[in-house]
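Data block below; observations after.
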Amino acid sequence: MTDRKPGVYLCKGCGIAESVSMDAMEKVATTENRIPVCKTHDCLCADEGVAMIKADVAAGEVNQVIIGACSPRVMTDRFDFDGAVTIRANLREQVVWSQPAGEEDTQMLANDHIRMACAQSIKTKPPLPKIEGEFSETILVVGGGVAGMSAAREATRAGHDVILVERTDQLGGWARKWSERTPHRPPYRGPVENDVASLVSAVEGDGRIKVMTNTRVTKTAGMPGRFAVTFNQGGTEVTETIGAIVVATGWRPYDATKLGHLGYGASPDVVTNVEMEAMLANGGLKRKSDGKAARTVAFVQCAGSRDPNHLPYCSSVCCQVSIKQALQVAKADPDASCYIVYEELRTPGTAEEYYRQAQEAGVIFVKGKVKSVGADLTVTYDDDLLGNDIPLSGLDMVVLATGMVPNSTDTSAEAIEPEKSALQLKDDIDPEAAIAIAGYAGEAPAAPERPERPIPEGGPILNLQYRQGPHIPMLADGFADSHYICFPYETRRTGIYTCGPVRRPMDMAETAEDAAGAVLKAIQALKNASGGVSMHPRVGDLSFPKFGLDICTKCRRCTVECPFGAIDEDEKDYPILNPARCRRCGTCMGACPVRTISFDNYSPQIVADMLSSVEIPDEFSGKPRILVFACENDAYPAVDMAGINRHQISPYVRIIPVRCLGSVTLLWVSTALEKGYDGVMLMGCKSGDDYQCHFVKGSAIAKERMSKVGDTLKSLMLEAERVRLEEISIADSSRVPEVLNAFSDEIVKIGFNPFKGF
Amino acid sequence: MTAPAPDTTRKYDLAFAKWVYKNVNGGDKLSMCMQCGMCSGSCPIGVQMDYGPRKLFMMIRAGMKEEVLSSNTLWNCTSCYRCVVRCPRSVPVTYILQDLAAKASELGYAPKKENKRFADSFWWSARLFGRTDERLVTAKYYFSFGLSEGIKRGLDNLKIAMGMIKAGRMHIGMPHTVKGRKGLQAALKKAAEIEARQSGV
Amino acid sequence: MAGVTSQTILVVGGGIAGVTAALEAAETGYDVVLLEKEPTLGGRVSRFNRYFPKLCHPTCGLEINYQRIKKNPRLQVMTMAEVAGISGERGNYTVTVKTTPRYVNAKCTACGDCAKATDMEVANSFNYGLDKVKAAHLPHEHAYPMRYVVAPEAVASGEGEKIKAACKYGAVDLDEKEATFDLNVGAIIWATGWRPYDPQKLTSYAYDLSPDIVTNVEMERLAAHDGPTHGKIVRPSNGEPAKKVALIQCAGSRDLNHLPYCSRICCLGSLKHAAYVREQYADATVDIYYIDIRAHDKLEAFYNRLRRDPQVNFVKSKPAHIIVGEDGRPVLCGERTIDREIYKEPYDLVVLATGMEPSVVGGFAPTVGAVVDDYGFVLPEIGDGEGIFSAGVAGGPFDVSMSAQSATAAALKAIQAVRADGA
Amino acid sequence: MSGDKKKFTYYPGCSSQGTGKHLDESIRAVAPVLDMEIVDIDDWNCCGASVGHIGGGQLPNLTLTGRNLAKAVEQGTQDVITGCAACYLNTHAGNEKIKADVKKRAAVNEALSEAGLQYDDNLRVRHVAEVFVNDVGVDKIAEKVTNPLTGLKVAGWVGCQTVRPFAATEAGGKYDTHDRPDFLDDFTRACGAEAVEYETPTNCCGGSVAVMSPDRTLHLIKDILQAAQDAGADVISTPCPLCQTNAEMYQDAINKEFGTNFHIPVIFPTQLMSVAFGQDPHKDAGLQRNTIRSEKLEGMAKK
């Protein structure tokens, strides 16, 4: 890189000039930091202000634009200049909007912001993307059911080649067996034609789709844009280069043999809803036992689902499927009688109309929990509405509405390294963890213990050659990773997206749509890979971690702690990065005990320079200094919004934004204390079962690391209270001042850091 | 107010439900009930009903013919139509209760019920005179309980009656009648025949 | 089909669905124009306090999305703009856009001097009118674009001049007028979302007879730190803690007299509201009145989390009506279906879980190239003939995650429609 | 305001010859003032009320309506109006049923032929109150007031069948809501009186159940009287003759039962109008027929 030419540009607008001395800040820039160019402007974001900076950059006088104005969260596009990196000093939200005007402390804070920005510029380099070798635009779709076939078609319609891999000998998945399907378009009434056959032929007729049946994936290495995927098709192995992967392995029905209490196995005329589909598809409903027509049929809902001993979740589609099947029975034989025994009838959205259709057709809905189904087909249930056990007898058939189990593993394959696999497949979160409540008026109920939920068995779908293990991460109940509400497709394996019932129980229509969504993310992943830019959430980021292997101790912390499995180990156990897998959160950087991992524009050294640049008054001044590392995604915006609301914040606080708490290295904490800061606070997202970290594990890892900081403090003979980790959400703009002011008061009570002035 | 526990040996039996769907006025909409409780909750004297419309409908589906037809729910409907206009499934609750009452009396489930006596007294007047003579309807109704009870009730309400007479709202003398009595009675007789023919009751 | 004449994708509606669709398309390398009729993006979700099931804050994801927007030159955002007409076909639509004046131009730095300059107050639409804001105001603390807006009332009265005079940056423009212009786009993603069903129509629930009867969306504001009560859940009538709270499901939904469909999110939203209340008061009880608790798929777990709390009760009953008791508290009347008890239960606060009504009802709906069902939900035509796709609740009652899912899918469909080779 | 009158066929109903005389009289008195010309159905019969179908069965009950409609047509095909809630409910519902169901119409006509009658037309059967709202208009009522009832506090008690189930339906003229209708208070205000706010304007009096077994329903009327009294009402105004009679005649029984001492006049909105139009308090408004008299109202009436 050409040598750095920093220029400082200070804005007088939005009350800055009225609140602090511009000259003082200018002095900090020019005299203290010897920045050659330093200009002020009445309204820097106005066209003239921007033009002024543009001119300097164009003239080649400045290639590091240091803006002393508003928060980096705003005017981002205005202060973006070709051929220069931009560094922001947050003088507005975090100084003049949250401090009294004209005070000495306010000026000190403003000056320190300029100091930190100047210090940040010293080692900051414009990030250059890492793009080497060839990239593939081909999308691999695993699974030949509705989800997979839909994904394949969507991908080719968007101009991509597809390899579609199906484990069995034909396409179509479960849907091939369906007689008819539930309605998903107006008028949302009776069952509609099962059009899966036309989808199959569309796929088979699509020249850009290479269909591989009787095939499974045996190995997946590499990264988005350049996955090396090995297939085994009837014994022969081939390896292809793949741009991105869509996993559409779907579901399987819950094993009905585990439902003995519901009569399965006791009588051939107790069947599952899946078996019922086949029977209906053959036309004319005949009892398995004697071939007689079944005219009185009972449907038992939640057969396995919503049951802690079986499937704790709701399988979502069963109510509509039973309604469909009942309507089919009623249609075939107007005198037939159908009962649907349910606990909660779930026909969300426009499916409510479908429910009404069944009622109109005379299907009888009875609310209650089924206790038993006898060999004589008597269904005994506890009737919630009539208030006692009512035997439902004289039935010709009983249909158990069994639920969906996600195919997050390949049950037909052997587990690889069972212990390690089990560890990876164990529930990552407890979706039923107790929520925070103020307490109980009466006696508190016993604390719920986390139920031991079954760990999915079988081999991996993709057999990822990742340090973190062969499986696609999952959170709970075997459903593939994404715990995000706003970003449902984000997984912890960049470039690999799941869709359909492997992600969440869903019907055919939703599955087809879900497939389109997953394909879009896959296309983005391979495009970004070839451009060397990051995927969500740091979309477009060109920086990536660099490893100084010369001093690497092969401790493996970076490879282990990376939430995205971006870092592998080479044969010599050195970390090697797969840049297209990396999300640029810096968790590896925070993990590295020898601080040899860094980004061009974010590194242990750059942040150390920043925190060291702050002027630390001696203890006689009575002005403590508190260093805060704030997650730039949530905590930092919350501090900004405190300013927007004009909440006053302790003037002793100095805030440095970090990509994620996961990137915070203990070095920064110890350096800060050595430099004489009186307290250090880490502000990050919630961790745990309801984690809110955009990098999934960052805040949890930081918590883990900080739990050990006590030793460091002891070695420095300092009080543990001087360092604290606070969970701050983006909606904490009112709480942030309280937290910071309280901490600052507490620090004053503890007393000043004895290292001051050393 | 709470109902006698339904016979636990009972089996769900659609025959009765289907009979209701087919023969009771509004019964075809009964299958739409989703047991939300809006009707029973809206009823002005729902508290005094043994089951209330919502539960009664569930019992119909359960085929509890005896309990349903001898339920006092049918007879406590004040015809306020609150349930009808509120039902989220557009079930014409009032009409169904009214006609279930009619069917119950047809099938002899309610000979001694006050409402039945009143209805008969009312119809007696309507049929006989073509108009309701409130005075005679009330009297006939009172005396349907027997002479002494009739006199007692009569005396209880004597003050009211006198007040009404004083205000000219109750007349003395011959009942008001329609001129076309004969024709009306013939028409009503015919109507009854047609109905019997159609429902096959 | 006459081939593709424009490769620009238009996204109508800047809620979570529209923002998601616009970003996903732009980040895949396509030019996108995003229209929002309000002064800021975020739509309904920006008015939510938290999401189920993680009880996390919508602004968290919106912040990421806004940062993505700021970094993406392909995505152009137009606020206070809505669609007034659509003609043409896949690959070549002419869309008439109508803009309403904000009276504040792009020069605004959000310094706030205009708000200081006036004492005039107007109803705060961000808080559903539960409180007031200055006639010149930032719509809310997380507003994007972060730009002030001047209320038309202020412009009509003389107040506008005072506000204009206070702006150092020439950002207040009182001469802005309503305007219309045409856009040529290749595909349209319809993401106009929903509005809460009008509680006044539920006459037996007496919404207008007591301030202590609120809707579920108002409850979100009551629980929000930047809401009218700064997040304290209190009785609007007297500001006292709401410790006995009723949550009424299907207030409009699943009702042939109102919204015939199930709005899907209300049950879960109410479970979330139960959590809000229980988080604040140890001695609070919450009664959830329901017909069926519809905690679909994995969200069953969220239902179970609340079921564990002995002070959260589930009452299977659709309340018949609400009256105002002598002490001014709302009293719920109805029948408990499980034990057939007729109840008359007073509460500190009653929350009506009003359903989602499509925003197009009573307004403009894309009838060319799309299907609008009886409820007002917009669906794409069957097949690939057309280039209009719906995202989020415009297409059906979805939760946030499903909306983001459908928006991402819609982005791909739109991309397919505008690709030069037509596809 | 043009003076030409709109013609209606009028169905008085049985109560017009008994407990509801003053409703009938006041309707006949105010109608011409409101430019309504009303001609009675000749030889009308009972509507069947809410129990007819039990005593007689569905079709005979419907035949009663059929006969009234057949007789109504003899006066012309203009709209049929009635002031009695029960008559309105049965006749309106029966009429709609006959119009909608060919089989029913055939059956009814088969029965009617015994009386030499047929009903083949498609009349509209409307409630007087709906006609006041939709055809006459509240403003017109106000215009005709020469003797405003200033200071009279009126609790408008709509009751049930005047608004339920038809007030909000197409056939019912969509003239108001089921739960919280405005029309009655509008009438009150049009007469210059004050409409008081209270809890129970559409509560049920018990209807025919109140007649046959008051013990089951007294509390219903009590709640209404209590609410009206608490609201400071001088009189209760109701459009329904059964409501009027029940609420009036049971007050002693209620006082006995609940230890209250109610003495609240219950009058018809058309009686209010008649007085407000400056008509004769007895001949037109029929105030002397209320067994509980309202000195205040009678004091306001033109001597």
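By written order: A, B, C and D. Residues from 1 in each chain.
Note that in this section contacts are C-beta pairs under 8 Å (C-beta built on N, C-alpha and C of every residue); 3 or more make two chains touch, one makes a residue touch a chain.
Worth saying up front: this structure is predicted, and the values here are computed from it rather than measured.
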item: Central chain (by mean CA position); value: C
item: Higher-contact pair (C-beta pairs counted), A-B versus B-D; value: B-D
item: CA centroid of subunit A to CA centroid of subunit D, Å; value: 66
item: Distance from subunit D to subunit B - Cα centre to Cα centre, in angstrom; value: 22
item: Geometric centre distance via CA averages, subunit D-subunit C, whole Å; value: 46
item: For subunit D, residues that touch 2 or more chains besides their own; value: 178
item: Subunit B, residues touching no fewer than two other chains; value: 34-35, 55, 82, 85-86, 89
item: Numbers and ranges of subunit C residues touching at least 2 other chains; value: 204, 254, 316, 321, 337, 339
item: All pairs of touching chains, each written as two labels joined by a dash; value: A-B, A-C, B-C, B-D, C-D
item: Contact set on subunit C toward subunit D in their complex; value: 203-204, 321, 323-324
item: Residue ranges of subunit B in contact with subunit C within the complex; value: 1-3, 34-38, 40-42, 46-47, 51-52, 54-55, 82, 85-86, 88-90
item: Subunit A contact footprint on subunit C (complex, rising order); value: 16, 20, 24, 27-29, 49-51, 53-65, 67-68, 70-73, 107, 109-111, 138, 141-142, 146, 168-169, 224-226, 230-231, 254, 260-264, 275, 278-285, 292-302, 304-306, 308-311, 316, 337-339, 371, 373-375, 377, 379, 382, 384, 396-398, 400-402, 404-406, 408-409, 411-413, 415-416, 419, 421, 423
item: Subunit B residues touching subunit D - in the complex, by the definition given at the top; value: 25, 44-45, 48, 76-82, 84-86, 94, 98-99, 101-102, 105-106, 114-127, 130-135, 138, 141, 159-160, 163-164, 166-171, 176, 178-180, 182-184, 186-192, 194-195, 198
item: Of all residues in subunit A, those that touch subunit B in their complex; value: 337, 339, 345, 355-356, 359-360, 362-367, 383, 385-394
